[in-house]
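The structure under discussion appears below in the form of structure tokens.
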């Protein structure tokens, strides 16, 4: 595979460049019978739109999705769902400098090495706009998971030095701040930090956490397609993510077994864990506790400061990147992390249906 | 896929349980013409053997590999290579307790939920012995990469609170300490820490770092099969790994763009970077700098302390795990991380051969 | 995979229904640097259009292709190529009867069983219009193969009882008859036969043969992905194809070994075969001779005669299919067979690049 | 994939050469809970053994299968099942001539072109012994299908000019003749024909038909992974098969629509077809009628007659093949066709479980 396809059961293929005519995704393997219309998807796309925040690119796109196939009379038919979003706000003039120079922190140089040339307009395929297809498909995956009682919730956990602890909050609170932090005080601090970064023509990074509740125990395949391995691939495949943690994550390396093990206990409702250091995954399989993933996002590589670099003709030079770009990627990437997690989880949930002979037999007996 | 296969070009399928008759791997897609014999593989397997260290399980296995197919007159034929290692040291008596109780931190409970029952002897498929197949296949991948000038080197970066900074060291130094730390002083400190853990019937975790040199720029596929995404999946699929970092990893979330961007410069030999915060990967493609990956490994969940848990029949109970088990997984997992990285990288390196039409045309013209 | 993707290196995903908004395909894995514009693809699509022939549906579609991504400054970039064709001539009124009744010979009944309902307009996803995506992608595959010196040529070998022998003819001759038979006399006879079928409100089938020249020896993978197995899957996946033959095909079952074996001989140019009973494939690998495939196509199931069938509510009933439909599928399917063969062959040709270590090493050494 | 893996849900990977140490298969994705022991598999392997028939190779192998993993206390665990059969009757001395000469009708020449050299002992990987892995895995697939009420039955339909019509016969009758023809008179005629072939140092081909009953309507994926496409690939991937037919097969090209369409009718038990020209598949999905596949098998290419060929060093020469070989492949290939059909069908049957949202929801609700 050339790598634009994700998932083997609920399988998505994204396409499109930042400044091409359009961008989109084909979803193959969506079960038939899901109620689906454009607004189900649009509400997810709107979460990654620049919006009116001053911390996001000034590029204004409607990013209006069209369903071109796979839905009939308001329900999915089981055949591929093609989703298309036209690009409407390309200002190619902004990007001519990139054609001849490699932007530090960007994929320009390795693209040229791999392909011999590249669509340099706005980053082409390596642009953050590529995630539109992921979000559009992820919205469908999340809707299916919701029918199974599984809910995903991603939020901004930190921006630069400002961090919040995981705690109870309303899901809606995430959308109420421009940072994606469901804590107004912390969000204001983060905004101050962002303003100082912008003042110094700089950018910054942050952390996104995604929690998933309602997952059945036993989802995941035990060796290479462990649930955590698939989630890690899903989240690390988002541009700018440089580290992925599950549960206690990096902290486990300093912990002791007696601290890190989660004790089991049983009550009438079933088996539970007293703690959740594992982040809901044991041996690559879901353990019934909430799944917790964290993505560490690097600072936007496009900054207004002048930087040292080289030209396509291998000459040392300096570059000052113009055009519009976000001082931070995190707030808009929150929904992308959530969607990639949904895609990975749904795929393994469907796969899990053929894990046991007795369940397969009774599945088909019910059809007779 | 049920998840025991990794890679699409150099594709491996592992099989086997801790206490079954044997354990093994089938490598499909190994190029023809590689000189290969058992000792090439054995030397890698020996690196994950318990050996004589007191920090490893007392289980003594020879883990002697046999090549059953795919090699003729000392060279690979291009057909599947079947590698088999008989299990010789099963003491099933040690494990009867696990049959009825779920060990905290282990996969016992979700396995039962997924499959309805499990091979409880020594963890069955979820045992660390499953990695034997990965290491055997990884030895072949590493040998091929070496022919292309690519070298991998993994080592123990930290154990509990004892950590070493990446610095120049001889590769051989890694094998000279029982911890896999190429720094004798640090290793002695780590051993002290390990001893104290053992004294308190506890276990501990650590960090493994893998560096890869000699990688061409442009390896990786730009969207879902990014080089970092594939490496993350590869490494996260190793049991006990709870976080994966590339380059600066988690530190990027607190950095500014001006700090995190690596400036390019050119000299007669080509294009280089002044720093390597990116860990050798930009936009999912290798950038020609050394690739740096870190895996955070949790403490061995099997500890001698009594723990709270539940039985298969959902009764609360206590468990005291007997038998032999390592107080730390890290030293033996070093070679596993190295092998998984080799497998992921080789796969994408082969895939990369069809990235450009001009190279495909000249490849086939050379055959005429 | 839910089955709308074909190929693992040059990988295509088709989408769209007969009467949806549009129909299309995403090509992932197209090598960078191929000169490509809409007209390269349009010329293939035009070959499957109804055109002005009286033996084809009266539905008039322009089937005008748009390239939405993956091409920059006239060349492919290595990223996904999204091709879109709007449906412009839907007359849904014609198809209301199908909503409640299962057409004999069509997929209506099993679709309902599989998905619970179906897009009944014009056959929905099971319509022949689904092949538009295959042809659009196949045009690109054929262009790449052509750069490697490989040419494909499919033609109508028989229609009902009228059959022509494989013989030397100009490729252009195929396009000069309304039947796709490169023999005017035979074509006229076939047209007479078709007219008689139409007069009796009936339809008929035929045979399409595809010859491929210029293939290197050794293409194909020796076990499940044999070149003939992949070609058979590719061609059998076209609706209405009920048999696939390679070389002598069904005749081999009555032949003797001494007749069926092709003797080898060598001259200055290399190794050749005196005959080509094998159809260019030995042991699943190309043998350097022309590859010969034949597809047997069933009569169009839509006929104007009244037929017995059942309704969705399981009542016996009769159906008389209205609307526009071809009395024969063969002439329009010729280019579909050619394109599916191109897709299967290109995929294995790219895969073959990693068959030998020495060639991999020299490939990468050339890049230094 | 390098092509030794078949199936994406019930996924098998075969390995081994004719004269290597052993031959085997790894089955990944077998559902947990299937009762399985060696004899379940052995009975299938015995059907492809040479046995005592004079129409089969004199090579005597026990082909005794060992289960090395994936089964615990008599039931499959859901983890990979590794099956191993040691090669015990290699007489390598017989095959030295093949090392330097290309046998007509065999894969020797394209293997050398592809890989640069080959394991020439007994055909190496291209030997019919490769099918042992398919049969061993197919035995498991057939057992699972049987639990779902699906039965497969393959038999010899023709040998050279001697052919039988499909008719009612006892399944056991297939095993009672040395030809695999469930008709004693026809079998005796076929044996006479075989004797005459042998007398003239020649070989012959034949036809194998496989019928599958009990298949639910709606199995298969509608585009590239049509049930017939997957079956065609499965059967065409068997060495020596040169044509595959579904239902009426090649006859459809001469039929009219009014003849070829199968009328539906309904009774209390459901929907049926009055005829079965479709061979149980419509639009790539099973239609509930028996599935009928035919494989046309070429004459054994190894014949005792002297043949013209070329040497590895490209010199024209003559070859007289010594050693033991079957005058016909068909009787031993019957079980191989049956097993490949089982593997293809099971894979799509498992895939079908995620076709409908309502069924997925109720599947998971039942687990709560």
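When the chains are written out, they are named A, B, C and D in that same order, and each has its own residue count from 1.
Throughout what follows, a contact is a pair of C-beta atoms (placed from the backbone, for glycine too) under 8 Å apart; a residue touches a chain by one contact, two chains touch by 3 or more.
Note that the coordinates shown come from a computational prediction; the quantities given were computed from them, not determined experimentally.
Student: Counting C-beta pairs in contact, which chain pair has more, A-B or B-D?
Tutor: A-B
Student: Among all other chains, pick the one whose mean CA position is farthest from the mean CA position of chain B.
Tutor: When every chain centre is compared against chain B, the largest gap points to C.
Student: What whole-Å value do you get for the distance between chain A and chain D if each is reduced to the mean of its CA atoms?
Tutor: Between these chains, centre-to-centre, one finds 44 Å.
Student: Please compute the C-alpha centroid of chain A, do the same for chain B, then give the distance between them in whole Å.
Tutor: Taking the average C-alpha coordinate of chain A and of chain B, the gap between them is 26 Å.
Student: As a quick test, compute the distance in whole Å between the mean CA positions of chain B and chain D.
Tutor: A distance of 37 Å separates the two centres.
Student: Taking each residue of chain A in turn, which ones touch at least two of the other chains?
Tutor: In chain A, residues 1-5, 8-9, 14, 29, 32-33, 78-79, 114-116, 125, 216, 222, 351, 355-356, 358 touch at least two other chains, as defined above.
Student: Which of the residues in chain B come into contact with chain D in the complex?
Tutor: Interface residues on the chain B side: 1-5, 8-9, 11, 13-17, 20-24, 26, 28-30, 32-33, 66, 68-70, 72, 75, 77-82, 84, 114-119, 121, 124-125.
Student: Which residues of chain D touch chain C in the complex?
Tutor: The contact residues of chain D facing chain C are 1-6, 8, 14, 102, 104-107, 109-116, 125-126, 130, 158, 160-161, 197, 200, 202-207, 216-226, 228-234, 236-237, 239, 241-250, 252-266, 270-271, 274, 278-279, 282-288, 296-303, 305, 307-310, 314-316, 351-352, 355-356, 358.
Student: Going by the contact rule set out above, which residues of chain A touch chain D in the complex?
Tutor: 8-9, 29, 31-34, 76, 78-79, 144, 147-149, 216, 222, 349-351, 353-364, 366-367
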